[in-house]
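Going by the order they are written in, the chains are A, B, C and D; count residues from 1 in each one.
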């Protein structure tokens, strides 16, 4: 019933935007803004979207809000875009429930962050069992999500070597620093690795990664796709040059301000960014001004105006 | 409208059990077991309960399950017991909603864990604003919950110095290592500090703490109360001796196995512990046997049989 | 040949100053200043001195300089003072050489910091073997020095439980946060534990510690001795109050500025502090002014003027 | 007087072996073995050597031993090899003394590890001042050495951006994970970056690094040079394949066993490895057997037999 893992490669190859969740000043969800952002991104060469991820502030949403966000994206997303949805929960049983629900709503892949509240107890054995139980029950192929900055723990290469052999665990988004090639070396050859940060997108491709889930793709999708396309075209030197431009931009947005910066940049680029949900704070007027200057200097925005 | 902070001291003085959440082997909630545990603990000299905390695996529950757990405890708890409920959420607005709901259900205190998914952004300024907004909106007095092991970040003494002056932030449960006296020194004199671990319960009392929220109070409430009573009676030497016994026990249960160990010890002590929710694993048969031997050797259980 | 471990208790009971190493502005060693500091401290009720420790900036000294510092202190120290000398080195063989040399120079105890350059390889087994080899070869009893802030690693209670049984490993200075009682619980009953920070000196005594090696004893020896004496006299309430005063002072000196702050406070208290050795920087004029105000407000200095 | 920084590029381009220090079973220095190792490596295509680095266990040597090691290498090294020597010390003044002495002995570059005993005080300002003072006084060009695993702290990109402009700070060996491209982006264009680990040697070259200081070059110099040569020849696909082979080997030697593993592999490859200095332990017989099997399977050794 489950298709060959390698068969997912085409769907996972390219650039994905980890969609932000629009709020108003009081923290109310703005689903129409979400829909219009997606409609604009539909025009780009992005391969698809990751919904309810870190940049989507999924941990700051209620269960009902998560459902509505996913519904909205599924409706707004064009047929050619691939949708991944974050469905991981601290408990196995609720991760399964989320995954089944997302599958029923038509997402192409479920993305599983590690449970980390009891991080010290999350041995390889415990994590392997958790992910396998979800993958066994999932109606859609599953991607792991490795992000030590928010999920505390870093997957071991031993864990990835093992779970990458599961027929329904077909890839991983890796946001950790300096481990990408080690995961590729440890994993099943058909396992699909995507860079989770623009900081090492190009290196990830060079080493064998299939794509990237890049926060700045929310407001500069073409800049991200350009690195990917140049690499695919064998233009190494140009791709590297673009990578350094991308990295510079990424440091000034995500690196400096996190989700709040991505949202502010979206506002500047013609999307709806808006404020993050409290306790996260929006950029100050000074920070916004500095960001505007940085973005202008980068020269990216014009090429990316939706 | 808000009472004097010092007036809460009596309610917070003594030992609290951070109630575990009973599940069956499939991870289904067993509310009747929860009720009967509470009824047994009602017979003890515990000052009260903390519901939906770390030992309650609150992060592994759905929103509806949390509600039912709280309802069950409020109904089962005897009138003389004080109930604190964990109401913290990654977002301010949902923390407020949880806190209002818990207040309406009759809890005496709301306990707020720090939002930590975006830990790097949680500056003192951000955390202060978050906690103040919740405290302003809360119908009940608020306690902070400092637990770096699960919530990643450690509150600075500067933060505690500041927020402890808020009229509705009346105390803190501190589970961090080696900071208790620093918080007492920094805080408003009326701020109430409770030890969040049996490992330093006695030292906390010596330095000016008012009580403790101790995982082993779930199955050995009298042993915990004994340290407290000896200290209050001025029997320093005996209190210290009891503290070392408590610490030994705590290391062999919570220290070694976490929530799973507390639950296994509850089973041995005549309560319903049951398994933790997956991905946490229950103790293996070998671990259970070792625990049984450790508890027998400790001599605590007989005195605590409910 | 080796005396009973318990027999060392008297020598280790009380307050020790971890002697600073005086330099001029160019970083040259000032041995006469060192001698005169010791002569002043000889008048205090301090139990003794720790030479070549963290506050002695021993890692910033050459081998020849360390030798001269130790010679100077041995000559200047009065007969009633106990001298501990830091002799730990990254290699076992050089730790042994240092320890023998210090023993031949008449120090009463050798203090061994953990080798930590290859911290990941420093398992309990490796550390136990290292400390045992040194203790076997040492002409004087040996103390361990647990300081995660500078030596990266924290001794496990298992390690301490084991090595505390060695006849020539007679105690430990513990600077780590929140582990003191755990070490006491794990260690041989005759093992002598000293607090390595004024932040928890009183708690350490309450739990069974025999003394403290306190940076602020370099300039406020009487304030430190007062906590010790009040505790010994059974005046718990007064001792606690003094402890909080000590902690306040300690936070404003060592906590805020480290060795540079201790030295600046020594200058203000009539000792020679001088600058730390580069790359450490001395306090700025603004910091010195703030420190002077803090010390004046503390009321400690007058009572401690040498 | 100082040559242009870019002019050092040729000397720094290629593969360097971080030379190990040979000891006998009692920890005595074996300088003849050191000399013969160097003589064998002189036959390889290595660009040169790093003496007194982490793999040289420099922290486990006495001052006199370090001097003799350096003398031995300078005498044994052939004229075409470039020699870097570790001269960093916890104090600025002793770092300068070491650097001058090494310069007088004819080393081409001094390599400076960060002082880290007082890691919390090592702000960018403090580190910049420290490195600049040394570079100002040094008779030879200076390289920084960034290794968070042993030196605790990680250089900020801001620091590197700044000090890379100093005319006598000409490059850096970076062993940290995932920062290489960020340093390149921040640094002066003439600054020379070398990978400090085989784990990311190829990626480092792709991003603009000039070479690598690779522990496995001690016993498999040709395997390391092959990656470099293939990359220089524009054979991307083959270079990547070789990189993965190198990484596999590196994980099984340095990754698993550290210096002890490198030495054991040297023994297997016809060099003198011998035991590391205590407290580091040599490989057990079982580990040696496993290593022999791993090396045989790798197919590297035959091509590298000296």
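The rule is short, and it goes like this: a contact is a pair of C-beta atoms (placed from the backbone, for glycine too) under 8 Å apart; a residue touches a chain by one contact, two chains touch by 3 or more.
No experiment lies behind these values; they were computed from the predicted model shown.
*Asks:* By that same contact rule, can you tell me which chains touch chain C and chain D alike?
*Replies:* none
*Asks:* Taking each chain's centre as the mean of its CA atoms, which one is most distant from chain D?
*Replies:* Here the answer is chain B, farthest from chain D.
*Asks:* How big is the gap, in whole Å, between where the Cα atoms of chain A centre and where those of chain D centre?
*Replies:* 37
*Asks:* As a quick test, compute the distance in whole Å between the mean CA positions of chain A and chain C.
*Replies:* 50
*Asks:* On chain A, where are the residues touching two or more other chains?
*Replies:* none
*Asks:* Quick one: which chain pairs are touching?
*Replies:* After working through each pair, the chains in contact turn out to be A-B, A-D, B-C, C-D.
*Asks:* Show me the residue ranges of chain A that touch chain D in the complex, using the header's touch definition.
*Replies:* On the chain A side, the touching residues are 176-179, 181-182, 185, 199-200, 203, 206-208, 236, 240, 243-244, 247-248, 251.
*Asks:* Within the complex, which stretch of chain C touches chain D?
*Replies:* Residue positions touching the partner: 26-27, 54, 57, 59-63, 89-94, 115, 117-122, 126-127, 129-130, 133, 149-150, 152, 258-260, 277-281.
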